[in-house]
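Read through the structure below, which is laid out as structure tokens, and then see the notes.
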Amino acid sequence: MPVTGEAIRLSRLFSEGKNAVVVAVDHGLYFGPLPGMLSLPEVINRVAKADAILMAPGSPTHCQSVFSKRGAPAMIVRLNWGSNYAAMWKYQHSHSVPMISVADAVAQGADLVISSLSLKNPDEAEDAHNVEVFSACVAQARALGIPLIGEVYPTGGDDHAPEELQDEIFVGCRIIAELGADLVKTFYTGKRFNEICAATPVPVLALGAKKLPKESDALKLAAVSIEAGARGIVYGRNVIQAKDPDRLLDALKEVVKDHMAPDKVAAKYKLD
Amino acid sequence: MPVTGEAIRLSRLFSEGKNAVVVAVDHGLYFGPLPGMLSLPEVINRVAKADAILMAPGSPTHCQSVFSKRGAPAMIVRLNWGSNYAAMWKYQHSHSVPMISVADAVAQGADLVISSLSLKNPDEAEDAHNVEVFSACVAQARALGIPLIGEVYPTGGDDHAPEELQDEIFVGCRIIAELGADLVKTFYTGKRFNEICAATPVPVLALGAKKLPKESDALKLAAVSIEAGARGIVYGRNVIQAKDPDRLLDALKEVVKDHMAPDKVAAKYKLD
Amino acid sequence: MPVTGEAIRLSRLFSEGKNAVVVAVDHGLYFGPLPGMLSLPEVINRVAKADAILMAPGSPTHCQSVFSKRGAPAMIVRLNWGSNYAAMWKYQHSHSVPMISVADAVAQGADLVISSLSLKNPDEAEDAHNVEVFSACVAQARALGIPLIGEVYPTGGDDHAPEELQDEIFVGCRIIAELGADLVKTFYTGKRFNEICAATPVPVLALGAKKLPKESDALKLAAVSIEAGARGIVYGRNVIQAKDPDRLLDALKEVVKDHMAPDKVAAKYKLD
Amino acid sequence: MPVTGEAIRLSRLFSEGKNAVVVAVDHGLYFGPLPGMLSLPEVINRVAKADAILMAPGSPTHCQSVFSKRGAPAMIVRLNWGSNYAAMWKYQHSHSVPMISVADAVAQGADLVISSLSLKNPDEAEDAHNVEVFSACVAQARALGIPLIGEVYPTGGDDHAPEELQDEIFVGCRIIAELGADLVKTFYTGKRFNEICAATPVPVLALGAKKLPKESDALKLAAVSIEAGARGIVYGRNVIQAKDPDRLLDALKEVVKDHMAPDKVAAKYKLD
Amino acid sequence: MPVTGEAIRLSRLFSEGKNAVVVAVDHGLYFGPLPGMLSLPEVINRVAKADAILMAPGSPTHCQSVFSKRGAPAMIVRLNWGSNYAAMWKYQHSHSVPMISVADAVAQGADLVISSLSLKNPDEAEDAHNVEVFSACVAQARALGIPLIGEVYPTGGDDHAPEELQDEIFVGCRIIAELGADLVKTFYTGKRFNEICAATPVPVLALGAKKLPKESDALKLAAVSIEAGARGIVYGRNVIQAKDPDRLLDALKEVVKDHMAPDKVAAKYKLD
């Protein structure tokens, strides 16, 4: 059983027992300013309907207004930096380092925290080091009753062959949960994603990854993720670079929380 | 400016810039089970409309459901115990001791914390000791970005002569703010309460103290407190022992947040 | 919610959801060697059927065999010493001091720990100090997932007038639970003991106190305690000084766990 | 002499002086979800007859019920992660890192802990680092009276030539015991395993490693291990992937605790 | 079970299982320089045949030679100072304070340490404080594996009426053992001293107290102490102020270790 504070904060994310729609705006940590994300405070105000917003450790201070009312989105702060996320530089390893402690993240306003774990690196020692960095996050988060999302992000991201990605994530989600993650964030892997959700003893959140061509695709991805057993989604570019993020969030909530059919929802909200 | 997390948590309490209605259910720490408060979980479910609920450090674990959804009341955990609160035993001193650290309160789910400071004791050393206990709370709360309410509760409570109470609180609120309280909770002192609010550099919350004869009295007390400059109220018995706490909370919110006239609100909600 | 380890250890005490029969053998801390308790190791071997055995911090090293098999009684170690227990010296105050940390108690084999809290002392400062000592135990126990029994033992013990004892314990049990006790141990107060159990948000264990004239009286006391809502009993002299502690424990279990009528059980076990 | 708490916890594992049957369900830390282990809580309920269950640090919170009654299996929590266990990735080194402290493991419910030590690595510095990680576990475990199992797992696992495996384990068991392990867990090495048991000054537990073709083979392996001097076995897949883990555990206990002949036991329990 | 280092050090005191003859030379802490003890280094060299020598914390640095060879007496360092020992000033209370930590005592060469506990003081708070001071010694001594002698020295010393002294020591020895003393040092109380030894779960050492008129009396006191169940004696003035301490020690060893009749031993050694 999680301690009281952690249980409360988890229940706020999955409010009334429903699935969660999370928006990630921490891309700047790796990609710098993506199109549509030049001004972080502006971006964030457009996604205020999310259940939670995932940010870099330096961002809350610039974006506090969106979190500053009762019922505001929960703040999720990223704790570690891993070189494998620097995809644009074709990085091939995954060196994980701590950026901020859980206590300092709480001081920035965090309601939840996230830390990634990337294994099967070119050098075994990287795996071991990454496990150590992740485990330290678990210990800190437990001591403060702050839920920790474990992000399973294979080195090389989603450029793996589908079977390989499935295998790595199937293994990785279980590893990160047995290390103490309270939730897992990972890629939707396709038809066998349900096996991942079934074998992971904590709630799984499916990430959106690259911008999909159409906004209705984003709804469909959400629908298949939830159908496969995910307890929510974590979308970045697919929401932020949408024509109207606010409207897309409304649509996503109908799919994710109320299990509405994505095509009907797309039609209702006039999404292409 | 307070650090980001603290600013966010304060803004959630005063959501949309409005004043706050807080309910205190920590009487058990001093009085044991008061009438109407035998079952803490039941009581708390009846005050779920409050902006925040103030609890003893051992209570969250028994009452977590009320805090477990998005937009739920904020949890305020009391950090210290002071013998002057044991009014039923006619205690005349004020020995303050720590009950729980801010980190442990966060682990129990706290969004804010409260610590009291009682000065002008029979023995000067008590004053000094109490300042030390309070200051340690400030340091802990700051490090975690958790807003700290400083409670100004003169030794002897509200049994002082009115002028004396005014003087002690006028002085005490400024002292506690200068020690680092982010908000102040204290007695409404009457006609000159506005001087207290004016001279206190942080928001003041007025406490309800003993059960008032009529529920409309509770509305009036709230109205004069707000009018004098208080940014909210902290009611215990006046809400919990009401015939219908839920209805009284609705009425109090109209008075406290929307500055409605208490007699009209009493009539609207059919309160005696 | 308690953390996993604490929940597990509590469930072992109330195994299969049944009430608990605990034997206390820590009298030596205050009274020295009572009749029938000259040799602690011998005494303890006679009460191996208890669900748990409560000991002084120096005793486990002399009595480890009774705890050394699967399914053995849980070990409860007392953490503090309070002068009010020194009843034979007619002590009138209650100065509580720590004897052993929770970590050191675990190193001695503790599965649970106990700390007492005595209030309403001749000097208020004693109350405050005792709250501080107790609260430190709560923090230590939580950090290690060790359940903490809070003992409510009014200064003066059970020599109070019945109404006064009822009042003090009614108040004291709520205070200690709001401070963070996971269970409460206290006196059976008579006909209104049910009010205490109802107003205490954690399980209550009734203590046996002085040796009762007849062993069937001990069964009756257990029966009325459980009937009033206690989740178990903590007996010392009434078990240890029994003619056949082993047989009495069997009888007590039928009353406490299976709610059998005490007179029938007394007859079955041939207890006077 | 171990301190009291450690001696008690060891005696509970070897209850009534008999050998121990331990089931390991921590494979997820390296292999992800193995067949037959998709749902950890389900798996664990099928092995409730074990004397102890070995888990990853994140698993107790999902599996607490099996430990939650008097006489339940002891919980063993793994403290470190070593890259050499990631056998499916053909890892050739052994980088050991801490996952959880002994205090945090106790908070999760641990009765015992385990840490591995793999030596003779491609880089000497790895050996030294691993000794440091293991020694830190010894210090923490001693301070809390929690028995520490030292796992001797040569880099490369049991893919060594038999003589080489014998030599490495013969050496490794003595090293780990001299570093302070209270028990040793290692591979059964064949005919000369008795030399290992004889030269290791603490009890040796033989691990089952890969799934054996027939369940009767698992009985035979247990029998030869015990005959050679092992004080128990630690089986994972051989129990979990059995047709009826409960029945196999009954059979294993007859072999391990009562020294019954494995073929007779296989016949009695109708195991192939 | 005590931890290894403590067990080893205890066994060295009771070498070959025999009782111990200890000489105390810490009188200066209370009485200043007693006759025959003007030069501490000289005194100590005359009692080198003792099994152990009990000293004040500042003395080892002046007396190190006697401890500086293999098989030398064990060094016992006193940890606390209690005002009740200042008998020459007719002190009536017992305020116990720490003088030296166990770690610092070890740095001075201590093999064992001693701390006293005096209860039943004019003010209850003194009792509680003394328990706290003693308990802190227990925790320190356990952490370092140093055996701790608990000295039971009623406030007022041996000026009590015999029955009262018997009662206080009977109670006190059990209390100090349940607090965690590894041995007890106390007064020989007369004919019922055997009851004290029987009810104390750790070895009892009988102290010699005031100088007896004749050296043969010292032998007789040792004999009756051992006969009653003491595991050794702690003599100060009776040895130091003897005509030939060395010879008296030889005689005492025959009585204490070999149970020889004191009159025969007195005759053999020509003691008056």
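Labels A, B, C, D and E are assigned to the chains in the order they are written; within every chain, residues are numbered from 1.
Keep in mind that, in the parts below, contacts are C-beta pairs under 8 Å (C-beta built on N, C-alpha and C of every residue); 3 or more make two chains touch, one makes a residue touch a chain.
The structure presented is a predicted model; accordingly, all values stated were derived computationally and were not measured.
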Fill in the blank from the handout: The chain pair with the larger count of contacting C-beta pairs, comparing A-C against A-D, is A-D
Practice task
Look at interface A-B and say which pair in C-D, D-E or C-E is its repeat, using the rule that over half of the contact pairs are identical by residue number.
Solution key: C-D
Exercise for the section: Starting from the mean Cα coordinates of subunit A and subunit C, work out the distance between those two points in Å. Expected result: 48
Exercise for the section: Would you mind pulling out the distance in Å between where the CA atoms of subunit B average out and where those of subunit D do? Expected result: 54
Completion exercise
Separation of the C-alpha centres, subunit B versus subunit C, in whole Å, is 35
Fill in the blank from the handout: Residues of subunit C that touch at least two other chains are 1-4, 7, 61, 64, 107
Exercise for the section: Using the contact definition from the top, classify how the chains connect: line, ring, star, complete or other. Expected result: other
Practice task
State the interface residues of subunit D toward subunit A in the complex, per the touch definition above.
Solution key: 26, 28-33, 38-41, 56-59, 61-62, 64, 81-83, 86, 89, 91-93, 95-101, 104, 107
Handout entry: subunit B-facing residues of subunit C, complex
Key = 1-2, 119-120, 124-125, 127-129, 131-132, 135, 138-139, 142, 170-175, 177-181, 198-199, 201-202
Problem - Residue ranges of subunit D in contact with subunit E within the complex - result: 1-4, 7, 142-143
Problem - subunit D - residues contacting subunit C, complex - result: 3-9, 11-13, 15-16, 51, 60-61, 64, 67-72, 74-75, 103, 106-110, 143-146
